[in-house]
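Below you'll find the structure, written out as structure tokens, and then a few comments.
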Amino acid sequence: MTHTNGFLYPRTQSGASSLIPSPPWFYSGDLLTVEYRTDPAKVKALLPAPLELAPEDPGAVALIWADWQSCSTDRHELLDPVLSQYKETFAVVRCSFQGVTYSRCVFIWVDKDFAIGRGLHQGYPKKLGSMWQTRPHPFAQAAPQIAPGGVFGATLAAADRRLAEAVVTLREESDTNGFVNGHPMAHHRVFPDIAGRGDAYAELISSGAKSFSGGQAWSGDADLRLFESPSEELASLSVDEVIGGYFRQVGVEWDGGTTLAHLSEAGL
Amino acid sequence: MTHTNGFLYPRTQSGASSLIPSPPWFYSGDLLTVEYRTDPAKVKALLPAPLELAPEDPGAVALIWADWQSCSTDRHELLDPVLSQYKETFAVVRCSFQGVTYSRCVFIWVDKDFAIGRGLHQGYPKKLGSMWQTRPHPFAQAAPQIAPGGVFGATLAAADRRLAEAVVTLREESDTNGFVNGHPMAHHRVFPDIAGRGDAYAELISSGAKSFSGGQAWSGDADLRLFESPSEELASLSVDEVIGGYFRQVGVEWDGGTTLAHLSEAGL
Amino acid sequence: MTHTNGFLYPRTQSGASSLIPSPPWFYSGDLLTVEYRTDPAKVKALLPAPLELAPEDPGAVALIWADWQSCSTDRHELLDPVLSQYKETFAVVRCSFQGVTYSRCVFIWVDKDFAIGRGLHQGYPKKLGSMWQTRPHPFAQAAPQIAPGGVFGATLAAADRRLAEAVVTLREESDTNGFVNGHPMAHHRVFPDIAGRGDAYAELISSGAKSFSGGQAWSGDADLRLFESPSEELASLSVDEVIGGYFRQVGVEWDGGTTLAHLSEAGL
Amino acid sequence: MTHTNGFLYPRTQSGASSLIPSPPWFYSGDLLTVEYRTDPAKVKALLPAPLELAPEDPGAVALIWADWQSCSTDRHELLDPVLSQYKETFAVVRCSFQGVTYSRCVFIWVDKDFAIGRGLHQGYPKKLGSMWQTRPHPFAQAAPQIAPGGVFGATLAAADRRLAEAVVTLREESDTNGFVNGHPMAHHRVFPDIAGRGDAYAELISSGAKSFSGGQAWSGDADLRLFESPSEELASLSVDEVIGGYFRQVGVEWDGGTTLAHLSEAGL
């Protein structure tokens, strides 16, 4: 009988056409972040059992735009960059499980299929969207500088509706680019049963970067607007108070995670 | 604790933003099919254990373009058709499991994220692509008729490379629009382990239409060309002999399937 | 010296890569129309000299979604349908020039570059957008029928913002699919001067279909919502009173127009 | 009567929705260039009268990938970057007119409508395409550095066919990023007659950057492959000998050009 290879699908003898390669996965990119506070009850509504609200600042949310280049170990994607570059926007909250505080991505949109595939594996609930963030550039004719006064815009749309708009004005160097996305991630991974009886497989996993490099972080003023859509729920995390805006360039390696809990369907 | 809803992800209290709604799913669309024979060894290479080659005409392949409108039970997607319309191209072979012949989709490309989500559930190995097929129209100024001599073109691209081109010229009414895609589907559903130890979940499932309506099928001449790509393997199913081309308009309801076998990771 | 060919650009010896081929151009497609009345002053604001408001019902507007297949004389585009199929949404008003009533497209969005090129020639002010309209289909699983009670949705977005949403419910057969788009078109064609001194070329032209075939038109109820965008002005034609919704399948041949007036830059 | 504003179209009283704003236009971006030699007869075939081959190295071609951010004077596009960022790939040759050597863009593909609009004005023969070029990034996890050994890939597709692939490996600092695109541009601007009698307007114009800032240029090895397409003619400029590969970050201001010659239709 045939033995097939490939990390996800389609699986073939060579494994060459799998939607995603085997980890580790490598990323270089720019992060534009707006952190704000919403009603903690709105965060709690997005934390299925067995998760609870984080003990401190439980209503804190980070909405993050990321402009990525990514690759696998042999870096072949970098020479055919349609397979390497993608953008994403994601909302992160914090939660608690067995006394430990985790970050958790509750909504995320990307613009490539391989990014959807990686999210499927990592528990990021990825849908397609269209997202744009101003890029810094050494020449200022049509670009901000990574410096005081640098102004960056960012937008998100899905299903032909605009969901979010942000403007961040850099003010000063910062120790961090926010705190909400600073913990290991706690994500549900779910696979519905083919016969319709709940989930065939469900677990709570944790993962984070295997290694991380970050440039100087910058903080500044931020303006953020969220818009309603019948097919999206980002606006349910309404903006009560902006904490701040951040910009940082980073390099990341990701290489798997660990199962925190196997979940019965009823628990979800 | 919070109980969340939603068929796939993201799961929320309302479930309104799940990438895909709960089945049943409904489809209306046009199918353009080219059937051909390749070396059965090339089909066998795409049939992981416990599948075997079909006993009759084991090298038969169907490459199918479909132009779909789809919706869930409440049909709300039809009023916001960015959520309803999608196109796909897929390669189907036949296989045998425990003495029964099944159809099996070995490669498939779609152009919407909800279609990827449905494929994840159904075991279709979906990636994003760009596919086009000539549409029939009552007015012939720029359209073929569903009639003898009607000529339909179709193309498929992924990752900015063209993968397939077909031309089908209708000749006569036909009892079927091919035989390769005529059995229940036997698909692997796989979910890699977060820690990298093979699959956390893997099964062989079977599913098919709960109900099906089909218009008059047409058969005719077909020309098909497949092109190499380093990130795709459709061309591995090289065209030895064209069987025929087909056109048919159909309506389908899909409402789940059944598990045929739970699979150990080693078996994949 | 070299003589180059090609209707628009790039011009080469073969002319094979011109963005658009020479007319005549042929179209088969489905039109979904909502007609309504706005304040005539809002129409007048979009009628540059030498145009004036139409004498009757001067505030009437048609917002039309069209799902097209198109080709040139040799019909080669139909076999490579990425070059043939496109969608568009356009707003039409009426106007008067030298005592004759014309239709005039004041805003239009399309989803292909060749459609932009044709609009440049015909005076349609085309930008890229994303537009969707429900398709009828013989099988009702996920499609309306062209019949009483058939419900069609339509949406338009540009620059990642939704600009318009419509729902049309067919009620009965109709003599027409509206009256606003029923006259020859009067369009400005403008080409700004490379040195920045107004227009290098500007004219008012008229054109219409060289031949037209239309199926049975249907009329019905319509709901229409327009949304603001900083980069678009469709919402300036605010909806005061809906006249009706329409559906019709048509076939069209277009083969050029005539100059009505050469315009000085000051007149624009 | 109404006076409308807007640089191109649609023209309205505010001018806010014009596809492109009035110049000057500002650009910040990264250029990846491959220069090579083809048979000069193939260049000559793309130089309509009154242009002639450049006297020196007449078969030299530059194929350039550019990753741009752009804006108008008020820089509003930078805060809504879907209106600001675009990519392009273009082929440049040199030519001679009245004893002066010019650069000339003979083929170009972009990925935004506003870029098509600007090309219409500047005489760049722009079509839509999909182009990707590897980005440098301060963190090397998934990015080359702008340094010896930095490897950059680039691809171009149009109409779902791949047209070009390049790989450039940086070797050393360079005085220039090539010589083919180093002259003022000589472009035809053509506007076909609405009645089909040749061009209503045609001229040869010249334009170049009003101001230019460039970072350190790098040169290196380059590999370039061009692919045939029935709807494109880039491959007609076949690669006989690669001259070199280049990378440079630049900032540019463009503010119009001058007419070199008014052209009769017969002369084109």
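First chain written, first letter: the chains are A, B, C and D, and each begins at residue 1.
We adopt the following convention: a residue touches a chain if its C-beta (ideal position, glycine included) is under 8 Å from a C-beta of that chain, and two chains touch if they have at least 3 such contacts.
As the structure is a computational prediction, the values presented were derived from the model and not from experiment.
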Intersection of contact sets, chain A vs chain B, gives C, D
Starting from the Cα centroid of chain D, hunt down the chain whose centroid lies farthest away. B
Quick check: more C-beta contact pairs at B-C or at B-D? B-C
Approximately how many whole Å separate the CA-defined centres of chain B and chain D? 40
Averaging over Cα atoms per chain, report the distance between chain B and chain C in Å. 35
Could you list the positions in chain A whose residues touch two or more of the other chains? 80, 82, 130, 132, 155, 160
Take each protein chain as a node, join two nodes whenever their chains touch, and name the resulting shape: line, ring, star, complete or other. complete
Partner chain B, residues of chain C touching it in the complex: 26-29, 68-71, 75, 78-82, 84-85, 130, 132-135, 137-144, 151, 153-155, 165, 167, 213, 215, 249-253
Per the contact definition, I'd like the list of chain B residues that touch chain A in the complex. 1-4, 7-14, 16-17, 19, 22-23, 44-52, 76, 80, 82-83, 106-107, 112-113, 116, 120-123, 125, 127-128, 159-160, 188-192, 194-196, 200-201, 203, 205, 207, 230-233, 236, 255-259, 268
Per the contact definition, I'd like the list of chain D residues that touch chain B in the complex. 130, 132, 155, 157, 160-162
